[in-house]
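In what follows, subunit A forms one complex with subunit B and a second complex with subunit C.
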Partner chain A sequence: MAFAKQISGEGALKRRVVKNRLFAGSVIFFSMLTISPILLIVYKLVAKGYRQINIDFFTKKAPDTYEAMVAVGAGEVIPGGILNGIAGTLYMVFIASLIAIPVGLLIGIFLYDQQSKRYAGVVRDVVDILQGVPSIVLGLIAYFWVVKNITNGFSALAGSTALAIMMMPLIIRSTEETLKMIPETIIEAGFALGVPYHKIILRVLIPSGFSGLLTGILLAISRIIGETAPLMLTALGSMQVNFQIDKPTSAIPLLIWEFYNDPNMVDLIWSSSLLLMMMVLLLNLLSRQIIARRS
Partner chain B sequence: MISSERVVKIVLFLSSLLIILVTAGMVLSLMNGSIPVFKEIGLRFIISSQWNPTEGSEEYGAMAFIAGTLMTSFIAIIICFPLAFSTSLFIGEYYSGTRIARIVGTLVDMLAGIPSIVYGLWGFYVLRPLIVDLGLNAQGFGIFTAGVVLAIMIIPYATSISTEIIKMVSSDLKEAAYSLGATRREVILNVLIPNARSGIFTSFVLAFGRALGETMAVTMLIGNANIIPDSIFGAGNTMASVIANQFGEAEGLKLSALITIGLLLFVITGIINGIGKLIIKKFNS
Partner chain C sequence: MSELIKQISDPVLEIRDLSVSYNKDKSAVTAVSAGIKKNRVTAIMGPSGCGKSTLLRAINRMHDLYPNVETVGDIFLNGEDTADMSTMMLRRKIGMVFQRPNPFPTMSIHDNVIAGYKLNGIRLQKSDKNDIVEKSLRDVALWDEVKDSLIKKGTFLSGGQQQRLCIARALAFKPDVILLDEPTSALDPVATKKVEELLMQLKKDYTIVMVTHNMAQAARISDFSMFMYLGELIEYGKTKDMFIKPIDTRTEEYLTGKFS
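Presenting the complex of A and B:
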């Protein structure tokens, strides 16, 4: 046997020890290489973006090209902020959540309730398919369903629809996983007391799984908040702060894309990206905190 | 009188129907949108690599973008493999359960939180100049640049499942090998990997599926040329990036061509994810 041949002899032993060390070394080396991009990216965003972050950044709309050009020419910080993007992102994420959270929770509860039934298996497969659909394709879909047929133009609703379809599978999955962890005895105790089914859901399942459900929702939001491609096809972007659901709306990632394509505004990409990253990190941290407190 | 139990069950059932309707509706909408292409171009659309929107001599084909998508995704998975696999061993085996493993795990999770457009910016301002300096490509745009950034983007997806699977390998088996005098490397190669093989493979299949559909970062780095890339450093376009790029000015047959590409992308990612899920199911049973 090859293995037996490997371990015989003094020199062979040394060789095996050296190989073992080399292997461990390369595992550590590649692992460090893996985590270096996150550090490099965060460093780059902070180093280049912090200068632009001030009160105006949160309270003023994006400047036009001319204002930006003058400021850059004079070596000053670009005036204005990204209020239209911040407002649009919060608004569209809010609408998307209004659609996706109730539907996601209901389907998650359904899958938990039906567990091993055949139809539940089909639904689970469909959820998996939906989760794998590239976001740009969801943008195409929202364009056809909402932009073409409901709002007759690019709109916040179309953007939210694309985002909601992205959120749903994530919430469904986390809901089902959370509910499965709840001890069955608690639920059976409820049934034994003659509690009706809807009250079991509202008073037993949701409260005892609350932290898990909330974590799933927060993580789903953190996954969609930076989405750009589907919004390009649906919300389009706007220079104004817009809360009308049937009008084009800006979002932070859409603004980053506009700044990236405009040589005068390019300095604003770093601060906007930094803010977007902070929002994602905050959501992740929050959900980690919730998980930590539960266990 | 309908009992509350029935009402709840009906509501739950209807909500589950909704998700099926949405998914089926998506497929139908995409198919409906691709009718003009199949009427005027037919199946040639899939194998043709022509992309010519000039009126009068309009001709569309998806092959250049299919090629671009596969090339970027394969480069991504090849670069991703040593990184993600080592990280899985680091978290799940070498430093399993320790503080450093938790920190590395958190940082890898953070990679999944970075928006695609931020990866694009980083690729444009940091990686692209590097590619130019190395003399790989004059402008720094191309399949390779996009593939490298994609590789980083899919690391967390490849790592998460592999780590779980590696952790699950029974310690009895590993200890049996250690007691025979095997080194850690030998245990990993002869015990751990054979036992975790299909799980690790699945995680890379699913990561590959992610890479296929990534849009923004690729759009910003691939060079946006509607041709079959002439080399791995050449410019090209993926199915996702051509939709993002050309959608704004598209109507008529061109719009239909982009939708058909969307449909193809939907089908291809569906197949890849399906394969991944099948292996998991087999593995679990």
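Presenting the complex of A and C:
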């Protein structure tokens, strides 16, 4: 204290303390402000949705509007669940992953490998543009490619195609970034043992970056799992649990949209949204866990 | 220069007129010729950027990894032109250890030692595997420290242990020559001492070529020394002679600390 007084005087020091507190206070305030939406969202979804969350919710398909109307009129919980949506979402995300993961990983490896090449730059730009294409446009494209020409009708395959196109740029860039982070010394170690280049990629690079690649894939899934617009034009939706690739298929976000349009089903919006939100949250937490364990 | 090179009788490695350039205008190594004597430690010294690492990496053709690097000249290993050998064969005979320890992070200590076999798809009997692992780890004096944790990841070891593991990985192929690129620059003094003692031991069975910019280290452990400056091999001879009575004034200035 004496020393501080000597160089700057008591008043200056006090001013600094006040400034410091003011700054710290505002940082805390705005941090709270930023996280408050997520807290409010979760609160709202739980408060409005918990009544509908029961075993039936996961094991029965969506009720028709008459059943719902009767239940609502009697002040009861709406019967049935959203199994058709859960199954459809899992099914279509699975098919989309089957398409997007191999292609995404391969292009990501290609971009890493050819970093400074001109055509790799072009591919990288195209991937970035693809990432910026509005999802409804991708839905439209999948409609013309798949619905019109392959499955001759709305289908799970069409929905998965649209979702896969959305996933690809995310996986490509995360793959490239992950591989770039692996120290070159590891690659040289393999090279100094006479290991051929393709084996270094397959057996050194990919295992070393495995958790990063997995994280990228999980985040890509969490990004597309709630997509609605492209599915409206491709998978359309269905009241049945469908695992046929060429038939219309439901999905959780599609059901939320349908419930929104039916005054009798409003209660189901909240529980469905809660489930979707939880799935995304879980994927994000899982990928965070993987990142944490890696470092 | 030339009579000094002739002193090296029956060399394991013979470098003839080797030049390496990273781009067309500037060469990093210019017309270096030298023989490397069997079962000796040869140190390559010189200030930063003098081309010593570039020269070392030319010996096992690490430059093949980078298409923009141009290498001219010949290197013979036991009389055989290394340019005619497959990179796999060449690197089985010439092992390399790097500046920073670089064990494979996804592999156990055991697998790291035999990584050369594993990654090249060379199948071994289980007993052979264990023998190679034990022998290599004993050679680098690491066996007693890690024999109970062979299944642990190599990256759990301390920096000095990791570097010895990397040397063991190079030894597992029973190479003729081991190249080391400033192997102790990332290690603490105690670990450095261990690695230096190890290299003195290893020269009984192997020929060692080591890049260092630590003159004291070269003086401590090498039998022969090269001094490089601006890509040229300025002076090459017995370490003792060079440190006591350098021939070239640039060598003398470097050794006396006039520049570094």
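Rule of thumb we're sticking to: the second predicted complex is superposed on the first by the 261 of 295 C-alpha atoms of A that agree within 3 Å, B and C clash if a C-alpha of one lies under 4 Å from a C-alpha of the other, contacts with A are read in each partner's own complex, and residues count from 1 in each chain.
Definition applied: contacts are C-beta pairs under 8 Å (C-beta built on N, C-alpha and C of every residue); 3 or more make two chains touch, one makes a residue touch a chain.
From a predicted model like this one, the values you see are computed outputs, not experimental measurements.
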First (subunit B), second (subunit C), both or neither touched by A:Pro248: neither
Contacts of A:Ile41 with subunit B and subunit C, given as first, second, both or neither: first
Residues of subunit A touched, compared between subunit B and subunit C (which is higher): B
Contacts of A:Ala192 with subunit B and subunit C, given as first, second, both or neither: second
Contacts of A:Gly159 with subunit B and subunit C, given as first, second, both or neither: neither
First, second, both or neither for A:Phe210, with subunit B first and subunit C second: second
Touching both subunit B and subunit C, residues of subunit A: 196, 199
Touching residues (chain side subunit C, partner subunit A) in the complex: 60, 62, 65, 86-92, 95-96, 98-100, 102-106, 115-116, 118-121, 166, 169-170, 173
Complex contacts: residues of subunit A adjacent to subunit B: 3, 6-7, 16-17, 19-20, 23-24, 26-31, 33-35, 37-41, 44-45, 103, 106-107, 109-111, 113, 119-120, 122-123, 125-130, 132-138, 140-141, 144-145, 165, 168, 172, 196-199, 201, 222-223, 225-229, 232-233, 253, 256-257, 260, 269, 273, 276-277, 280-281, 284
Residues of subunit A defined as touching subunit C within the complex: 183, 185-186, 188-196, 199-200, 203-204, 207-208, 210
Sites on subunit B touched by subunit A in the complex: 3-5, 7-9, 11-13, 15-16, 18-20, 22-23, 25-26, 29-30, 33, 82-87, 89-91, 94, 104, 107-111, 113-122, 124-126, 152, 155, 159, 181, 183-186, 188, 190, 209, 212-216, 219-220, 240, 243-244, 247-248, 258-259, 262, 265-266, 269-270, 272-274, 277
